[in-house]
Structures are given as C-alpha cells and as structure tokens.
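Sending over a structure as structure tokens; questions will come in a sec.
Which chain is which? They are A, B, C and D, in the order written, and residues in each are numbered from 1.
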C-alpha cells in the first residue's frame, strides 16, 4: 500500500512537469507547479506516516505553506506586472519536447538500475521517476525562452531533488532540510528580483535578448 | 571553539550593522573592516591551533569540523574578505557611489564572506552544499550593483547556471547519502564527512561513481571548470571589483575544496584511477580553454576571469597527481587567491580612472597611474608564473609531481598551454603598461592608503615565492595529510 | 741561434726577390705580346723613385690611411718569415702555421679596405667592397686546401707538411695533392688580384679591385703598399711551390744544401711566374658576378682534395 | 690571502638587493642612477672576488639553505670552476657596465623612470650571477626566470617605439619557450622523488636509458640554444638587443647568451657525459647554421646595434662548433682531444664577451654622440670621437678574428678542434668536420667584410648627417669601460696560451678526463697533437718591429706630406653623398647570396604631373625578408590564433547554449562513470 501511494504521487508529479512542456501559457505553468507541490507534500506525508517519523509531517506542512501558497502568489503578481503574453515560440516545438521528455525518463530508468539493486526500500520504484523529473525540469530550463518559465523550471528542479531525498533516504536531517528550504526560497526571491530588473532594463523578459556579453 | 565563533560571527555582525544603518555612512565601512580583520586574526589562530593539535570540532552534532585544509581556506577567505571590505565602494574611493548601492554592497559582501567561511568550516557535506548554494545567491544579488544591461544579463546567467549546477551537486550528495543509509542504516551524524570517509570502503562503487559524476559537474560549475565555465567571464567582469576579487580568488577555491572532499570519499570505494582521469580531463579542458581564450581578448577584466579558469584547471589537474600534486594544488590555491584578488582590485582602480575595460583604450598605464601600474604588472607577472612570486613555486611543484607520477603527456600539455597563456597575458600587459596615456586620462597618482593595502598581497606573494615560510609549509603539509584516505 | 739567422736571411731574401717576381711576370707578358717590355728589375726603380717623392694625403682621411701602408708591408713580410722558402724552418722562431699565415694576410687586406673607405671616394669604396667580397669567398677554399694538406701530414705546421711530402714522394702525385694545388693556385690568382679576377695593369674604374683601394696613395706610402702587394704574391707563389713540390729544399742548414735550395727555389718560382704570365695573356677578366662561380669551383676542388686524401689513406 | 667566500657571496647578493631597493625609493633621478651604479658595482666586485677565489684554488664553494623553500629542495648554491668562470664573466662585464651606465642613463633623467630601471638592472645582474652558482633545479630555474623577467623590462625601457614593445614581447615569449623545455628536461633527469640537487641529477642521468638521455639532450639543446640565440631560435636576439640601452645590450650580448652555453656545457659535459655521435653532429649542424646565418644577416644590416646582435648569433655559432667537435670526439673515445674542443669553446666564450661588450659600449657612445643607430647617417666619427673609434677598431679586428687579438686565438683553437675531428676514420665525420672548417672559414671571411663595413662606413670618411658631424665623446667615465675591455681583448689575444691552459684546467675539473694534451707552452698556442703552433705574441712583436723599422727608415729619409682633396675624376667639390653607403658595400655579397636572402625589391618612378616625360624621382627599395621567421614562427602564431578564434565562439552569449554545455558534460561524466567499472 505504502509503495503504491508513493508511486502514484511521484508519477503525478512527473505528469505535471509534462504539462509545462505541453501547454503554451504561463498561468497554466503556475497551476501545474502548484499541483506538483501538493503532490510532493502528499508523498512526504505518506512516507512520514508509514515510517512514523513526525519530522516529515512538519516538512510537508512547510512545503505546502511556502511552495504551494506563497510562491505561486508571487508568480501571479509577477505575471500581472508583465501581462500574460503567450509563451514566445520555444526552441523546441511541443511534439519534439514531449518526445525528448520521454527519452529523458527512459534514460533515468537506465541510470537508476544500479540503485534499485542496492536497496530494498519499499519506495524503491519511485527513484527513477524522481530522476526523470529532474532531467525533465532541466530540459524545461534549457528549452524555454521566457525568464518566468525558466524560474518555474528551476523550482521544479528543486521539487525533483526534494522528492529524491524523501523517496531515497526518507528525508534528510532536519537542519539540512531547513537549509534546503531556505536556499530554495532565497533562490526564488533573487530570481524574482532579477526578472523585474530584466524587465526594467530590457523591457522584455525574453532571455534571447540577453546575448550582449560574448567572447 | 571560541576561535571558530570568532571566525564566523564578525561577518554576520557586519552585515547586520549594514542593514541597520539605513543611509550608508562611512563608519559602517570602517566597522566592517575592523570586524573583517578580527575574523582574519581568528582564522590565523585557528590555523595554528589546528596544525598543533588536529581538527577542531564544534556545534551540535559536530556540524562544524575545521581541519588543516579548512583552516587554510578560511585564512584565504578571511584575508580576501578583509581586502574587499577595505577596498570596496564606500571606503577606498573618494567619490562615493550612491549610498543605497554601497549599503547593499556592504550587506551582501559580508553575507557572502560568511557563507564561504561556513562552507569550508562545516563538517556536514549537506550543509556544505547549502552554504555553497547560499554563496551563489549572496554574490548574485550584488553583481548588478550599477544596473547596466551587461551586469543584469551577467547576474541572470550566473544565478541560473550556478543554481542548475548546484542542484546536480545536491543530487550527487543525496545519492551518496542514499548509498550510505542503505548500507549502514540511519546513523546519527551520517552526513559528516569523516564518518562518510571512514565508511567509504563498505559503500557500493558503481553508485559512488554516479554520485561523483554529479558532484564533479555540480561543484565543477561553481569552480568554473570547462565546459561549465560559461558564467564565469560574464559574472567576474561585470561584478564590482571587490566582489569579483572575492569570487575569482576564493569562491572558485571553495568549490574545488568541495570536489577534493568528495574525491577522498569516492577514492575510498572506487579505484583511484576513476577520479584521477575525470579530474585531469576536466582540468586540462579548463587550462586549454582558459589559455586559448586569452589569445584574442579585448577586455582586461574578462582576461583576468579566463586566467582564473586556467588556474582552476591547473588546481584540478594537480589534485589528481598524488600527494606532491595535492601539495602543489593547495599552495597554488593560496597563491592564486592572493594574486587574483589583488589583480582584480587593481583592475577596478584602472577601470575607475580610464572608464573603459577595452585593453586597446588603456595605454600608458605606467605613466598615468605609476603605482597601480607597477602593482598590476607585478600581479599579472605573478599570474603567469614568473619568479619571484609564489605561483612559480606551485607550478614548478605541479610539473614535478606530474613527472614523478609518470603523466608525461600531462606535463607536455600543461607546459605548452601555460606558455600560450604567458605570451598572451604578457602581450596584453605590454600593450596596457607602455606608450602614452590617452589625453582624457589624468596622469599622476598620490600614494594613498589603498595602494599600501594593495602592496601587501604583492609583498606576501614575493615572500611565498622566495622563501616559503615554515608555518605555511607545515599548514599545507597538514592539508595534504588531512585529505589522505 | 743559427736558426734565427737563417730565418732573418730568408725574410730579407723574400723582401729582395718579391719586386723582381712582379717585374718578371710583366716582362714575360710584354715579350709574349711581342713588346720589348720594361726590364724585370723595373719595380726596384719604381720603389726607389716613389720613396723620394712627396706624399699627397686626402683631407678626409684619418690616421688609418697613414698607418695602413706600414701594416700591409709588415704583415706580408712577417708571413714571408715563416713560410718555407729556401730551407724548411722549424722550431722556436716560427711564429705561426698555415692558418696564421692566411689570417695575417687577411689583417693586411682588412686595413687596406679600411684605407680605401677612408678617402671617401667612390672608387675606394667600390674597391674595398669588391676586395672584401673576393676575400670572403676565397677563405673557405684556402681553409679546405690547408685541411687537405694537413690531413696526411698530421698537422698544419709547414715543416711537418714539407718533411712528410719529402719523405714519401709518391703521395705528392696523389689526387689529393694535385686537386689541393689547383685550388690553391686559383686562390692565389684571386687573392693577389691577378687577371681572371682582377686586372693588375688597369686603371679603369669599373674593373679594378686592388688598384681602386690604393688609388689615393702616393710617394713612400705607395711604395710600401706596392712592395707589400708584391711580397704577398711572392708568399703565395712560395707556398704553392714549396708545399706541393718541396724537392730540393734545404733540410739542414749546411751551406751546400742551402745553395742548392736557393737555386731550386728560384728556378721553381721562375717556372710558376712564367705559367702565370702565359695564363694572363690567354685569359680575359671575368665579370665580377662570375667570379663567385670560379671560386666555388675552386672550393669543390679543395673538397674533392680532402675526400681523396681521406679515401686513399 | 684567504678570502671568506661565503661572506663575499652574501655581500654580492646584498649589494645587488641594496642597489635595487635604494634605486626604487630614491627621491631624485640622480640618486636613483647613483644607487643603481653603486649597488651593481659593489655586487659585481664581490661576485668577482668569489669567482676568482674559486678559479684560483679550484675547490668548490658551497652554501645550502634547505629551509628557504624546503618542499622544492631549498635554495642550494655550489660554485665549481666552470660556474666560477661564468660568474667572473657576469661580474666583470656587470661592473664596467654599471660604471658606464651611470653616465649613459643621464640622458634618461626626467624622461624615463630611472627608479624602475635601477630595480630591474640590479635584479638582472642578481639573476645572471645566481645561474652559474645554482646547485639544484629550483634555484637554477628561479635565477633563470628572474634573469628573463628583469631583462624583459630592461628591453622595454625605451618603450615609445612600437618595435621596442614588439621586441620585448618576442623576447619574453622565446625566453619562456626556453623555460618550458628546461623544466621537463631537469625533472626527467631527477632520479628519485625529492632528489633535484645537481649531484642527484648527475647520478640520475647516468642511470637513464639511452632514449631518455637523448630526449634530455634534445631538450637541453633547444632550451639553452634558444637562450644562446642559435639560428632557428635566434629571432628575439636582433630585436631585443638593439632595443635595450647600450650597456644592457652589452650585458645581454656579452654575457647573458653565454649562460645558454654554460647550461649546455653543464648538461652535456657534466651530467650526461659521453653520448652517441649524432649529438655532436647536431650541435655542429646548429653551430654552422648559426655562424653562417648570423654573419650573412649581419652583413646586410644598416642598424649598427642590430649588426652587432647578429654578429653575436655568429659567434655563438662558432662556440657551438667548438662544443660540437668536442662531443663528436668524446663519442669516439678521444676525451683528450675533446678537451681541446671544450677549451676552444670556453676561450671563445670569454673572448666574445670581451670584444662584443667593447663593441656595444662603443656603439653606445656613437648613439650618445650621433643620436642615431642608422649607419647610413653616420660617417667621419673618428674625427669627433677618436677614443671610441679606436675601441671600435680593436673590437672589429677581434670580431673578424685577426691576429694578434683574442678573436684569432680562439678561432684558431676551434679550427684545430675541428681538424682533429677530421682524423676520425668514420666517413660521415671525415666529411663533416672539413665542411665545418669550410663554414667557419667562410664565416670569418664574411665577418671581416661585415666589420670593415661597420667600422669603415660609420667612422671613416665624411659625416653623412649634421648629427654625425657634431658627434663628440661622452663623459670621460665611459672611457674606463672601453679601456678595460680593449686591454682585455689585446691581453687575452697576446697571452692566449695561458688563457687556454686555464680553460683546460676548468674542463678537466668538469669532465674529469686526464689531461695529456699539452696546454699552452709559454707563448705558443698548440694544436691538439701539439705539433702545429702559433704565437700571437711573437707575431705581434715581429709585425710591430718590421713596421717600426720601415717607419723609421722612411722618416729618416724625410718626405713632406701635402693635404689635398681626394682625387675625383675632375669633379669640383667632394660631398658626403659621393661616398660608398653601407647597403652599397654589402651589395655584391647580397647579390651572390640572394637565394638565402630572398630580398624583396620594389621600384617606383614618380613623374611630373603635367609632362609625363620629366621624371621627378625614382625610388628603389629592397628589403631582406627574414624568411626563417616566416617559415617557422608564422604558422605557430597563426595556428594559435585559429584555435583561439574557435574557442571564442564557444562563449556565444545565449544562456540556453551554456545550459546545454552543462547537460552534455553531465552526460559525458555519467557515461564515463557507467563505462568505468
């Protein structure tokens, strides 16, 4: 039962990542992200419940408050500020990006094969999915041209790692968990400041304009 | 324990002071300098203490662990932070920038120093990752100090690339931790480096190889190893001189420190040739990229940035060449930190006087700014590895280590690439120093205190180059011993 | 001590005979052209006349112009002192070997070229430039012919070479020896300014090399320079004769061998001088930029000489 | 008197350092100049004392400070007689160059930073004097690079002209090329991990397999050859020496390139010992190439100091011929004859240091007086500067190897060394040595032509420019240096036999071969087998006496001398334009060797705008294209630029591309991790 629930949660997260690749409008990305955080909190809570480790409940709660509510709100204010222009044509069109995402998940399974052999944790099967989510969010950052989308890609990268930690080692010690949260939050805030600054100096947030610094 | 606290707390206090005093005033700057020198003195006593009687532990669950290597790096960081706080905006130059910018600089420069000190003094590998991530964030904020198009672009690229890199490093950390947990079970303090090192032989080799791959790419991005170096030239050339001095001098070294720590753990489980080959490959790529990027280079700040890539490549190669190579690596890190931070600060002074970073527009430096010109010449001569400066000694040891470990191909490649870098850097220096200064530039320079402050690192380099003092020699031997498996 | 007197006597003999050889060649050429020609001892009259005349010195010339005649004369005479003429001298008083002789003559030419430049006239400059070109190109040939001789003699000292060829006359007819002689003969013509390279009898600006340098000299200076030049010719002829056909040279210092040595030496010099005269009447002067071909031919001859002495050893 | 050598040695270092530091912080230019001169002079005197002490007694001088940089083996000083000879050279030339420099740099007052110059001049002397004393790899390389850095800045003193800057860069690049080869060479010889002292290298070298020994030899020849300025690696020398102030170029040409010879001797004669015959053959080939190439370029040079620089390349070629002959003889088991070769090379090293320094200092006087280096604008300087003219004449005669001066003595010894090589029965040697003799003879002939041109065109006849006409002697203190070296040139020439005997003692102490070759017997300079002999002293006496007799007899007869215009085929007035110019003087030889020079000639006629038939001016310019540089160095620089251009394209500016790099690197690392086990 425990492993099925975890599998359900993590594959759900992977699906939300695919939404970003599929859809073209930024608001859709924000809702996908929010859903992903809820699923992550769910997975952490189930792991906490089954291993009766209260720390994970606290982590899940902070996840929800911080990443499910605060960050999407900030993202929406940013969106209102810049107007919801449609996503500029990305480097890779939708079909190929979905295809690449599939390949990346496959690669994650190949990569995770030695880990599966090593451990007998019930949440063993979720490991390749976590790695898959990591590679997909990396691909989102690389392929999308809008600064906001890259920020969302980065946030999904953080979620992938949190999932990997939760699934692989039932969470890291509390102090480290706190540190990771702090970093994620600070990272997001700084990126937000930079997006405002880019908008202000370049009056567009298409990262493609940012190629003045060469050689 | 007290000297460790005395090392870490002063930067925090300085940052807090800067936050509190809303309109920036000069006494905040001087307070920052005093606190920085306090922290530097503490790092000195810490180093002596560590050399005398072994690693110092501290904090709950031993999260702080200072061995010789951490002490040496802490000393470098504190020294460069002191230099940066003295010569940063708001104190050194007569015409102050607008107070808000200076206040922001003071806050995040001290925070940046604290995060670096924390990264090298923590014993817990995950906390080390958190601290390194924090250094990225703290330094990223302060790059676009003057809000030009270039600096905003540089900061965006810096934060994005480094965060992606660091995320990969965390994956590697989690993988190693996962492997440790699955073999030894839930042991308190399991993320401490010395626990991991002792448990290394029992871990699974193939898993640790994957973990090291992630870690090398992750921390390699922070260390500026090719091909993950792309953020470095933009960030270091656009950041304010004090920040690029700290970044180029010691931040890269902190990332190399992290790689070195993990190399020891991975070498416990996997055959040493794995990490050696990877380090030499990435090292040589960086040296090659750094050297050849210098040949046609039009901006002197980017020139110094590419030279950092080359030197970090040399350190990576040296780490893979056995104990003498390790000695050469850490001596090179110390020498490079001093030389590069001094050079960047001097380049900052040149930028303020000439107003341009184009090498062709900067002529007659010896005539326009005789003292800065001479010191900059000394700095760049040190960077190309000429006696009587310290880098000559470490590069000599590096080649000797390579010959002794029979890496003759590496010797050939390294020497050839260093020659390319030598000719290019000297060519650019040649163009800048001599000839007549452009009419618009004022000539002549008062002997003010910033120049004396900048003469200290150059003098230190000569001391390290001519007569490696015994305490430094002992400290670096201890560093090598502390990394021995 | 008697050895020193023998060398002194030999040097004086060289100084005395040198102008005669020059005059003799001129006389033979005149006879070949069907002219009566001035008597062979005419140069003595010239020298005696010049010594009495007034010397004209150019305004631009420095002390080098005035010192050169003495340098040229003394170097040629000193070379004559250690070249084997009548007897094969050995022992303490011989100041140098073949290389020393060549380089001492080069000292004379060095100063003569400087004197040519010193007067500031284009002719002097042209003469000096061409003389140094010719000298530079003859050096390797001289060196290689010395090597050829020294190879089978074991060293470059005159007495060693002469005694070795005396000891085994068969070697003298060997290819090495003949090729070396031919090379040295061509070098003699080039160095002393004889016909194929430079025309001694002309004053035509474009063709003269040696004459151009001494154009400005007059009076006693000219006498000394002419005497030095004839001494140089005499030394080269003596070298060619005694190193390659040393038969009849006096080995001991007793009066009879000395007398025989003197007679044979004079006959041999006479034969060689007539040979040069005949050659000069037959051949025309080479264009300056064809001279290097002649000199490289002599260099190849010398190289073959070295190889053959090595092969036959 | 037993001099305390370590005290003198430390005093030498103290002297140089004091000179450097006091010059740097001197308040006024004059004090800076004074400090430079006094510091350099005192250091040189102390160094000279140490060197002569070691040369006289023959026992080594040791000073080891292992604590200085312990990990690299510490600072170790050991002076044997070979090192002492070169230290003596450095210090003696340094002493007089310092004295000469004091007045020479007076022109720089106010215009150039004399403080920086003082610092670098003393650092240069310190670096050069430490090289022969170094006894372990680190100290040697430290001194070697310090010498290179300091001389780079000295070359850059007159940095207004862009070609001085280019010269500086060329020089630094080539010096570093040498260093990059030296480092692996020494380390390959180091036997054990920590053993980098020269004593261990000596042991290590003998234990090396033949292939490694040949690599060490090749690296040593290339590295020390580039410092000595042998032909393929000489390109920096004719650029750097003229750009430096004259007393510095005297130091560089007279002494610094000799440290390349010292290095080669130390590695081949001392460490490697006897090697295969092709070693000697290679050195002979390089020597001949340098001798011929150097003199050919010197011949067509119109810049006086560049001419002297190319002549240094030629003389280094002669030294390498000596070493090559010695190595060949050594490889065929004739160590006694090899000593003649090494002795000849050392003697020519000392002789060249003397007369080349004399020539450069005299050229310095000319530059000071006539304010130009271009020989086409000189002429008639002998009238305004008689002493400098006399010094230059002695130097030129010595450079052209004319008896009885020192150039002749050492060139005669090199001839004898090559001749003794010709007796080896092997065919390739029997042909090689005579060819080398031919090359050496051609070189000395061309050198004679070069120096006739150098002296004749610049000093004799009428001045070709007003500056040349107004040229006057510099301050009398410059004559001390000229006098000293002129005397040394003459004395070393006349008493060459005792000089060559000293050289044999030095070679004997280094190669430890028995000395059955008869050294100089009294006034006689003997050949290898002791039969052929020449006595410069006797020649000088004879020539002088004959000249005196002739002079006295003519003076006795009495004749009056009339001064009149030079005969000019009836022209009215003789002007300087009618004189032969330096390019005209070299024209015949340039035409003969045109395939080697490959001159570019362009010829333009400018016609009067209205009437096409009236020619206003015809300009004919010809330039000697240094095709060696084009063939060897251009491809290297072009290749580096091409790679640099492609590397630059990597940094294309787009963040996405950069992230792709990271993804690719990750894939590569993961693949290598997966493939590894």
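FYI, a contact is a pair of C-beta atoms (placed from the backbone, for glycine too) under 8 Å apart; a residue touches a chain by one contact, two chains touch by 3 or more.
This structure is a prediction, so every number in the text was calculated from the model and none was measured.
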Chain pair with the greatest number of C-beta contact pairs: C-D
Interchain centroid distance [CA atoms averaged], chain B/chain C, Å: 78
Centroid distance [mean C-alpha coordinates] between chain D and chain C, Å: 36
Computed distance of Cα centres, chain D from chain A, in Å: 69
Length of the line joining the C-alpha centres of chain A and chain B, rounded to whole Å: 31
Shared-contact residues (touching 2 or more other chains) in chain D: 648, 651, 655, 659, 670, 674
Shared interface positions of chain C, touching two or more other chains: none
Per-residue multi-chain contacts in chain B, two or more chains: 156-157, 160, 164, 206, 210, 233, 293, 296
All pairs of touching chains, each written as two labels joined by a dash: A-B, A-D, B-D, C-D
Chain D partner contacts - residues on chain A that touch it in the complex: 91, 111, 138, 141-143, 145, 150, 207-208, 210-215
Residue ranges of chain C touching chain D (in the complex, touch as defined): 51-62, 64, 70-71, 73-75, 77-78, 81, 93-97, 99-100, 103-104, 106-107, 109-110, 113-114, 117-122, 124-126, 128-130, 132-133, 135-140, 142-144, 147, 150-151, 154-157, 160, 205, 215-216, 219-220, 224, 288-289, 292, 299, 302-303, 306-307, 310
Chain A partner contacts - residues on chain D that touch it in the complex: 648, 651-656, 659-660, 663, 670, 674
Contact footprint of chain B on chain D as seen in their complex: 67-72, 75, 113, 116, 138, 141-142, 145-146, 148-149, 152, 156, 159-160, 165, 168-169, 172-173, 176-177, 180, 183-184, 187-188, 190, 193, 196, 640-641, 643-645, 647-648, 650-651, 655, 657-659, 661-662, 664-666, 669-670, 672-674, 676-677
Parts of chain B lying in touch with chain D, wherever the complex brings them together: 156-157, 160-161, 164-165, 168, 205-206, 209-210, 212-214, 216-217, 220-221, 227-228, 230-231, 233, 270, 274, 277-278, 288-289, 292-296, 324, 327, 366, 370, 374, 381, 386-388, 392-393, 396-397, 399-400, 403-404, 408, 411-412, 415-416, 418-420, 422-423, 426-427, 430-431, 433-436, 466-468, 470, 473
